[in-house]
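After this come two complexes, each holding subunit A, first together with subunit B and then together with subunit C.
Moving on to the complex of A and B:
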């Protein structure tokens, strides 16, 4: 793993030098700070942040990720000519990008909370869950991006596919859930719907966070069923494991492809 | 010696008094007498009062029902009961055993007593012009069937209920067939069913009360001409929990109340010609849920802030008026800066209509797709009631 660490180090240098990474952190900083100024209470800030995070992080991670791999193609080819394993190279580049993206997000979002000094125990766990969800989403969509980028040689095709995947998870999939609810209205759907939301990382993160914030609308009968599943420690454990699985699977798929790929 | 009504005596029960039991004092008391009960625990089973006397405690005088008996039954008018502690009323599935039961009693008063573990606390039946003030009731209700109401009124009129605190009973305050009564400054908290529950109780006034954390909130039914002002309905959460459930309520005035953190702030069914004004709806799941059989209600000058759904309904028609409210979800503009938004606000989201029909769709709350659909619907209403709109939405929170 020595090779991985070395690549990781250079990746960090490289990414931190470029300005867009700083911009990414500042974006979250400005949004969070703005919400504090205009929305007020910390519970509401977290709730509003949730909507932004659920849309922006997947989009940013998947587009950045894909572009990054395309841009680093020459660098990768150079590395391949060195006596370093392909596995190490892939690990190094993936971790370099996903860790800096997560760091940018955590710093940008967390700093205003620290500065406002509003972190009381009640919201601390909600904030932690929000940051965890954001970081996991970053890993998931960066892994997806890498997979796409090594899979498609053509940059335009790759970016297009990345956009489509983002659209699918944030919009199309929910439409599909809606259709299922409409079609199978006569059946007890709650377990099936819980299953379906586990299968989409964006939905999963959203439901997990919503129930954490105790949105009172979720307390009706249906809400109670969801609440029972997701807020129990097993439910939270299952949700987090599924999110991690969502990051690991595309990563391994991408890695396998990368190892066999003919450059 | 004269033996007249005017010569009211003090009868002392307990330490240093001439009576050792309350029963013997009650038996020898005449109209107008005062029985003073010294501190101590009195286990005397069920007591009955048939004369206009005053019963008052000194120190901590406890009347214990030993989990078997109803404690005090009053069958006379002009009776005052104060400063006593009532404990352990017997639970019965057949009779409504109470710590204090007033039957056909007029001009009586129950003041500053403590009730612990009473089945029913204060029970009034066919009574009038009575005052219930400053009592503190705490029970440990676990099941609806084996628990009683804190303050229970049946077929009464002109009753004043002030500054009482009722916790962990079945219903905090329960009225059936009550007229012209005033309920002020009470705290009804953590009750097993409703904080306040009444039906067929016209022209009553409810002011400055707090109903908090009751498992089903507050439900009021089949009643005309209620006045509800400056009450707080707070933290009533659950599948069937309401800040206020209005069923067949007409000609009433609901003003200046606060509805905070309820699953549903106001749920209205068959409810007509009411004025709902100057209320604050804060952080509820649904602020107002109004069914299609409710008509001619006027919602004005209310603040709707941070609710997941401001207004929900089950119909495309609208027979109610929403005017001059403040909606935190309003995103219109005010070019002439008169404080009133230039475009109407439609508080019914398409999504709320959707979950009325498909409750499971709740899982899509705050999803990107739903926000898109809601945005499209608010521009061109196709499914939401087109006339349910606030034409004069306020730009700033109303005081």
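Moving on to the complex of A and C:
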């Protein structure tokens, strides 16, 4: 743990100094502030934010994450020749990036809400869940990015794979679900659809938030099925735990690969 | 004492190390030579744990190192290409490695002084030239007074002054009882530094012994010619093994 803490300290120091990290926080700040100016009420701001977050966070995390690993190659090589375990190195670098990305997102998004000072209790919990979803998506897509980047030595291949994964989860997957619904119209599809929405972290985060916001018009097919299948609180519990699993699994796969990798 | 026993390594289909057996004697300088892609770096990296061998054992002072990392406390390493995090200044880089090694009081800054790196103290690494990075790499290798030093082409990219400074340092530390493993393509340099030589070709050890011995047996004038003879594949080494 000691080694991880030392790497983490360095990572914070290094990332917080970089311009893109500040840009990332400012992006959320400007978007949220802009929404307050143009859209108005808390509820609408949170809903619009949700759509932006679901698209931007996975993309930013997976691309930043992969680039970051390739960029840290020298640092990793230096660390590997020092008396530190590989596990500590991986933990340190992963936590360093995912925590700063999360902090940038939470600070950028949260600050306008604080400044507006109009959060009543009802929206506060919605906002909290929105921030939680954003943070979880950051961890998930950073973990996926790390896994890809340790597997592919070639940067171009790695970034390409990262883009493909993002496209798959945010664009292709919905089309795929529609196709399944179209093809298997005559069968009871509910359990399959539940399974399929659990298998996509972006969709799952969307469904989780919409269950909370209770906007059935935006739920889509998977959301509606989810809503029908689970009560609001079970739905929330199930989706939160599966999202956490979505962060842990690629992290462990990446870690295992990293521990056996030749440098 | 570093002992390597029947070490095997494949990179996919490429058989890089073929049943390597080697003992590196303490307080001596052992040179690993051979043509490009003979497996020198892979062998060195296996000792450091940067590369995991398929089979075989590596032990340092009787302790197996396979998959462990704490033994690296005893090792200083200078990679073939010195690569550091680019945004760090030299000062921050040294602070970082000190931190990783738990801030020992007694560090060796002799090379830092000799190379006159003080003037680069506050510059980011990315602005340093290749040679200067190489100097920084040497400083870090010696910094924690390790008992084993592994230097992969240490003088490549150094100017003649820095190169001879480094060689002086190596000899001085050897006399203090440090163990060295180094690779180089500059044979005159090895003649100057190393008493032991290991010749690696296509992943196998073709010759292991005293430098003088190798020169004598091949009947050549100097180490460079002796090694060239070996590389050309004249069957000298079979005679060597008989004798």
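Annotations for the structure displayed:
Going forward, the second predicted complex is superposed on the first by the 250 of 263 C-alpha atoms of A that agree within 3 Å, B and C clash if a C-alpha of one lies under 4 Å from a C-alpha of the other, contacts with A are read in each partner's own complex, and residues count from 1 in each chain.
Rule of thumb we're sticking to: a residue touches a chain if its C-beta (ideal position, glycine included) is under 8 Å from a C-beta of that chain, and two chains touch if they have at least 3 such contacts.
Everything quoted here is computed from the prediction, not taken from an experiment.
In the superposition on chain A, A:38 contacts neither subunit B nor subunit C.
Contacts of A:77 after superposition on the shared chain: subunit C is touched, whereas subunit B is not. Of the two partner chains, subunit B is the only one touched by A:190; subunit C is not.
Which of subunit B and subunit C touches more residues of subunit A: that partner is B. Applying the stated contact rule after C-alpha superposition, one finds that A:6 touches subunit C and leaves subunit B untouched. Shared-chain residue A:14: touches subunit C; no touch with subunit B.
Legend: residue contacts after superposition of the two complexes on their common chain; A:171 is shown touching subunit B, with no touch to subunit C.
Touch criterion met: A:86 reaches subunit C, while subunit B stays clear of it. Shared contact residues of subunit A with subunit B and subunit C: none.
By the touch criterion stated above, subunit A contacts subunit B in their complex at residues 44, 50-51, 54-55, 170-171, 174-175, 177-178, 181-182, 185, 189-190, 193-194, 197, 203, 206-207, 210, 215-224, 226. Residues 11, 45, 48-52, 69-73, 75, 77, 79, 83-88, 96-97, 99-101 of subunit C are the ones that touch subunit A when the two sit in their complex. Partner subunit C is touched in their complex by these residues of subunit A: 3, 6, 9-10, 14, 17-18, 72-75, 77-86, 260, 262-263.
Taken together, the subunit B residues at the contact with subunit A in this complex read 237-239, 241, 261-263, 283-286, 306, 308-309, 358-372.
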